[in-house]
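Okay, so subunit A shows up in both of these, paired with subunit B first and subunit C after.
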Partner chain A sequence: QMGGQNLRKEHLYKVLVIGDLGVGKTSIIRRYVHQTFSSNYRATIGVDFALKVLNWDSETVRLQLWDIAGQERFGNMTRVYYREAMGAFIVFDVTRPTTFEAVIKWKEDLDSKVMLANGQRIATVLLANKCDQGRELSNNGIKMDQFCKDHGFVGWFETSAKDNLNISDAANFLVKHIMATENDILKSVVPDTISPQMDSSRQMSCSGCFK
Partner chain B sequence: MQALTNWDSYWVLMSLQVKLQCQKGIPASLRAKCWPLLCGASERMRQNENLYESLDSQPGLQSWVDIIERDLDRQFPFHEMFLSKDGHGQRGLFRVLKAYTQFQPEEGYCQAQGPVAAVLLMNMPAEEAFWCLVQISEQYLPGYYSPLLVILFDAAILSWVLKKTCPAAHKHLQQHGVEPLMFATDWLMCLFTRHLPFNTLLRVWDLFFCYGVSIRCCVLLQVAVVLVRRVLGRAEQRKQCPGQMETLESLRGVREHVQEEEETFIAEVTLKRVSTPCLFIPLTDDAGERQEQQPDASKRFGLFRKLKGEQPKKAKPKKKPKMQVPKILIQDFSDVMPADEPAVQEDAEEKLSSRERRRRRREQERKEKEEEKLRKKKEKEQERERRKPQTRGKSFQGPKEKVTDDPAKTVSQITRNSVSYAESYF
Partner chain C sequence: LRFTFNERSNPDDDSLGIQIVKDLHRTGCSSYCGQEGEQDRVVLKRVLLAYARWNKSVGYCQGFNVLAALILEVTEGNESDALKVMIYLIDKVLPESYFANNLRALSVDMAVFRDLLRLKLPRLSQHLHHLQKVANREAGGNYEPPLTNIFTMQWFLTMFATCLPAPTVLRIWDSVFFEGSEVLFRAALAIWERLGERIEDCQTADEFYSTMGGLTQEMLEQNLLHPAQLMQDVYSMAPFPFPQLAELREKYTYNITPFPTAAKVNTKVNASGPSGWDSEEDADVDDDDSVAAALGCLGPLGGLLAPELQRYQKHLKVEQGNIAELSPGAVGGAATGSGRAEHQAAVNSMMLERMSTDITALKKQYGRIKRRQQQQAMRLCIRTDKCLATQVLASQLNPSSAVINHLLLGRKPRGPSRTFRPGSAGSPPLPPSSSSAPRQPLFSPFPSIKQPRKSLAARNLGLYGPTSRTPTVHFPQLSRSLNRSSAAGATGRR
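Moving on to the complex of A and B:
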C-alpha cells in the first residue's frame, strides 16, 4: 500500500446476523450501529445491511453487518447472502425456547454454505437476546459453554438490544476471532506465492490483505 | 355505481380504455372498487360468498397467529390507521392475514404479505382486501410467498433485464458483487410498499392490477429497472458508490430518488419496455389494428368520470395525451396468446362468449388447484431428493400439459419452469 505512516491499515469483514424471526437481529444491529432501539422495526424481507467502523489499536476495522431475514422460507436465498462472510452471530430469544432449538439448524445451514479460504468454518458467536426480559441464563452458563463447544461456536453472550447489554462486547469478541483466523490463513499462504490467478469468486472480502 | 355492476360489459368493450385509465391513475375514491375488479377478487368473492366470514370466525393455527401478531405493529407504524394495537387497522390486518393461512394452510403466512395486506386495507374493506391478497398470491405472483420462492427466478430475470436495458448499471452491480436478490427481494415481494412514496405506490399498483396477471411480474420488473436507473443510471452516481456496501446503501435509499412526482415516474415506467424470455409476447397484427381503432383522446380518458356519474364535459379543447403510450402496454394481453401456441386454437377460443370463457376458466382453476396439490406433493418428494446432488436441475419436468390461452394456465407453467430455472441458477 502506498502512503506514509499515518495511513492506517484497514480490515473489511463481512459478518452475518442470523436466527429465527423476531429474535431481535435488526434491533441488535440498530443498537450497535445507530445507538437506537425501537420495538417495531419492520420485518426484514431478504436482507438488510449496516456498516460499523471500529478503531482497532492502530488499525481500522470496517464491519459489514448483514441482517438476514429470519422466516424459514427465505432459507432458499441465504446462500447468496452468506457468500464471503468472515464471521457470524446466531441470535435467539431467551423468552422463546423454539428459537434456541433453531440455533442448531441455523448453524448447520451456515456451515454447509460458507467456509473460509482454508476450508475452516467461519467464527460464530451465539447471542442470547432479550435477556432484559427476566429469564436468566447465567445459572445455565456451564451448559451453554458446553453447547458452544459441542456445536462449534467460539463463544456466547447474553445480550439486550433494549438495554444495550453486551452487544459491543460480543462484536469485539467476534472481531478478535476473525482477526486470529485471518492471521492463520495468511500464515498458511507461503510467502512470495500469492497466486495471481486466484479465482475471483472465492476471493476474500478482506481488503486489508489483498489490496 | 350502477356502471360498476355492469363491469363485465365495460371490461370487454373498454378494456383498452381501462388500461389507459390505469396508466393515468385510478381516482382514489374508486380504488376500493377497481382493484378488486381488476384482479378478479370481486369475482372470487361472489363465487365464495361467506367464505371469508367463516374463516374469520374460526381460530387460526397458533404458530401462524404468533408470527402474524409479531408483525402487526410494525407495518407502517406511523400511519394513523395502524397506530394503536386494537385499532381497526391492526385488527383488520390480523384478520386478513390469519384468514389467508386458513385458506392456504400449506402455504401459511409469508412476512412479505404483511405490508401488501396493509396497503390493501388502507384502500378497501377487509373482505375485499383478503380476496385481493388471494389473487395476488395465487394469480399475480404465484409461488412468491410460498416456500418455493419463485422470487429467486425473478431476481435472475431482473439481472438479465438490467443487462439489456441499462448495461452500465448492470456492469457496476456485477463489478461490486451486488445481486438483485440483495436489494430487489424486498422491492418485489412487498410490491414496493416499503420503497416508494405513497402516491407513487398507488399509481404503480394501478398498473400492477391492470397488467400484472397476464404478464406476471412485468410491471414489477419495469419499476425495478426504473429504480435501479434512478440510483445508478448516471456515471457520477456510480462513482459515488465505490463498493458493494455503498451500492447497496444507495439502492436501499431509493425513495430519495423518487420524489412526489407520480406522473413522470409512471411515464418512465411505462416507457421502459421490458421483454424477458418468459414474458415476451409478440405483437400481432390484430393488436395493431385495435390500436388504430381507439376512440379519440378526449373520450379516451373519461371512463372513470362516467363511472363516478359525472357528465362528460363537452367543449373541452382536445389535449394531447401527456405521454406516449408504448405499444406493449396498449396491447390487450388477455387476448394474446403465448408464442408457442397452436394457431388453430385461437379461432375456436375467440368465438366463445366471455361468459363461457369465464366458466371455462373457473373450471380450469378448479382443475389447477387439484393439480397444484398433486404437484406440491410431488415437489415435497423432490425436495427430499434434491439433496442428492445428481438429481439437481432435473426436477419439475412434469408431464407436458395441453396449452390453452388461459392466462392463469400460462402463469402456472411459468412457475413450473421457473423453479427448475432457479434451481439451476443457484
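Moving on to the complex of A and C:
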C-alpha cells in the first residue's frame, strides 16, 4: 500500500514466472527485460530476479520478475518467493503436452501459497510459449478461454520469446489486472473495518485467514 | 560403470531424459549450443544420465549440467573420467542431500552461511538484515526471505560456475577438492566482502536485488574479482577447518525442519517420479549397481571406500553369526555409499511396513536378504576361497595402503553359484541377480579392471595435487597446497 503514496506515483509489483522445466520462463523474461533471445544461456538454478521499469501513463511501474526454477525438487526453496506477489505468469510449452497438464498443478500450488490482502487469488496469465514452433493453439481458442475461466486465469496469450510475439502485450495485460485489483484492495482495506457491503463470496473466501 | 553408460534405456530414463535434454544447451557454455554443439551435448547427456543411474536417489538436479560441462572440459571430453569426478564431487566432497531430498543440506548451508556472514562481515550482514526487515514491514509483516539466499543457492549449487569467470572457478574447484566444501563458504564470504561497499548504498531490498543484477553480470564478465586475490582471501580468512562451521552445520541440520522427515520426503519424491521404489528388483539393481560401481569405479580413488567397506565388513560378520537374526534394516547398510543412506532408510521402512502386515512376505524378505548377502560376499571374495574380503579389508584400513584396489581389481569375482540362480543361462562373469527381473542390466561387477589407479580427471582437478600436466592449478600458495595435498586423502576418508 505504501508504494502508491509517493509524490511521483510509483508502483512496485512483484510478479512470478512459473511453469515446468524448460518451457521458456527465463527466455521470456530475457526477451521482455533485455530484448534479446539466445539459446545459449543457463538453466535457472533456484530463483532468479529481473527488473522491468514501465512508464504507465504518468506513473511508473517497477515490475520485479521472479524467475522460479521449474524442477520440482527446488519447491521448498523457491516457494518462499511466492509471498507478496501481485501477479503471475504460468508458462507452458506448446510442443510438450505434459507441460500443459502441469499448468493446473502450478496454479493450485500458487493459489494455495499466495493470496491478496482481500483474500482473492492473484492475477495470473497463462502463456502458451514457443508458438513459433508451428503448433498453433488458435483453433482451440474457445477451449482455452474456457480453460482459463475454469481455472481462474485472467487470460492467456500465445507467446514466442524467440520471435518476440505477444510478450509485452501479455505483460501489459497482467499489469492492468494487477492495478485493477490493487484499487479493489485499497477500497476494501482502507476503511479498516468490515464493510457490510462487501459481497458474500469475498467474505467467505478468507476472513479466517487474515492476521 | 558399464551399466551406467549402457545404451539400453531404463524405465526412469524417459522423464529423466527429458529433464536432462532440456538443460543440455543451457550450461552457460557456448560449446553446447547450436548444431556444432551436437556432439558435446551427446557426451554431456551420457554423463548426466550415467550419474543419475549411479545414484538414483539424487538423479538429475538442475545445475548438474553446469557441473558436468565444466568437468568434461577438464577431462577433455573423457566421459568415464568425468563421471568419476562427478561421483566423487557429489557423493563425497559436497554434503549429503545437497541436491536431493528437497536440497535439505543446501538449505542448512544457506542458514549457516548467514551466520558466518554475521560473524565475518557484521556490517554488511546487519545492513542486509535491515533491508529485509523494512521489506517485511512494507509487506505487512509478511516473511521476506533473507536477501543473500538466492545467491548462496546458485553459487553453492554450481560451485560458482555460473557466476565467475572460468579460470577463477577452476581455482575454487581445486581448492574445494583439496579442502572440502567449506571452501564454498569462504569464497562466498570473499565475494560479499568485495561487493559490500556497493551494497551498503542500497536503501531497499528491491534496490539491492537490482544492484545485484548488475554486479553478478560484472562478476561473470569483467573480472570484478581478481582470482589470485580471491584465493588469497579464501585461505587467509580463517584457519582450516573453518571455526564453528561444523557446529553450525549440525545445529541447523537439526533445527531447520520446515521439511518432512527424510523417509517421507523420499517416498514423496519418488512417487512423483516415473518408477518409485515399488519393486524389490529396483532396490536390488541399486545395490548391485552400487557394489559393482563402488569397487570398479571408485576403486581408483584409493581409500575413499574405507568407511563403507568397514560397515560392510561388519555385515559379513553378522551374517556369519546368524542369518536368521539379521534385522531387515541391516540390508541397506551393505557397501552403499553414504550418499545413499536416505534411500536405504526408505527401502528399509518400506520393508518394515510390509513385514508387519504379511508374514509370508517376511519369509520372502529374509530369503532375499540372505541371497543378497551371499551375492555381495561372493563378489568381494577373491578366487582363492581362503582370502575373504574381511581379511583383505582389515589391512585396508591402513590409510596409506592401496592394497584393496590392487587385489580386487586384478581378479575376477567368482561366477554365480547355482544355489541361488537355478536354471540361469547367464555366463559366469555375470553377477548373480534376483531371477525374474526383466530389466536386469547385464554388467560385469568389475568392468574396469584395467583402469588406471589414479584417474586423469581427478589429477587434472587437483585431487592428487598439482602436476606438470595440470594446466589449471595455479595456486597462490603453491607450497601450502602441496603440503595439504598429502592430507587430501584424509579428507576423502572422513
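In this section, the second predicted complex is superposed on the first by the 182 of 211 C-alpha atoms of A that agree within 3 Å, B and C clash if a C-alpha of one lies under 4 Å from a C-alpha of the other, contacts with A are read in each partner's own complex, and residues count from 1 in each chain.
Just so it is clear, a contact is a pair of C-beta atoms (placed from the backbone, for glycine too) under 8 Å apart; a residue touches a chain by one contact, two chains touch by 3 or more.
For clarity, every value in this text was computed on a predicted model and none was experimentally measured.
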Superposition on subunit A - do subunit B and subunit C clash or fit: clash
Partner chain in contact with A:21 - subunit B first, subunit C second, else both or neither: both
First, second, both or neither for A:69, with subunit B first and subunit C second: both
First, second, both or neither for A:49, with subunit B first and subunit C second: both
Which superposed partner A:165 touches (first subunit B, second subunit C, both, neither): neither
First (subunit B), second (subunit C), both or neither touched by A:148: neither
Which partner reaches more residues of subunit A (counting touched residues only), subunit B or subunit C: C
First (subunit B), second (subunit C), both or neither touched by A:80: both
First (subunit B), second (subunit C), both or neither touched by A:117: second
Overlap of subunit C and subunit B interfaces on subunit A (superposed complexes): 21-22, 39-43, 45-49, 51, 64, 69, 71-74, 76-77, 80-81, 83-84
Of subunit B, residues touching subunit A in the complex: 67, 70-71, 73-75, 77, 110-112, 114-115, 145-147, 149, 151-152, 177, 179, 181-183, 185-186, 189-190, 194, 244-245, 248-249, 252, 426
Of all residues in subunit A, those that touch subunit C in their complex: 1-3, 12, 21-22, 39-51, 62, 64, 69-77, 80-81, 83-84, 117, 211
Residue ranges of subunit C in contact with subunit A within the complex: 18-19, 22-23, 25-28, 30, 33-34, 61-63, 65-66, 99-100, 102-103, 106-107, 138-145, 150, 153-154, 157-158, 162, 206, 209-210, 212-213, 258-259, 269, 272
Footprint of subunit B on subunit A - complex, ascending: 21-22, 39-43, 45-49, 51, 64, 69, 71-74, 76-77, 79-81, 83-84
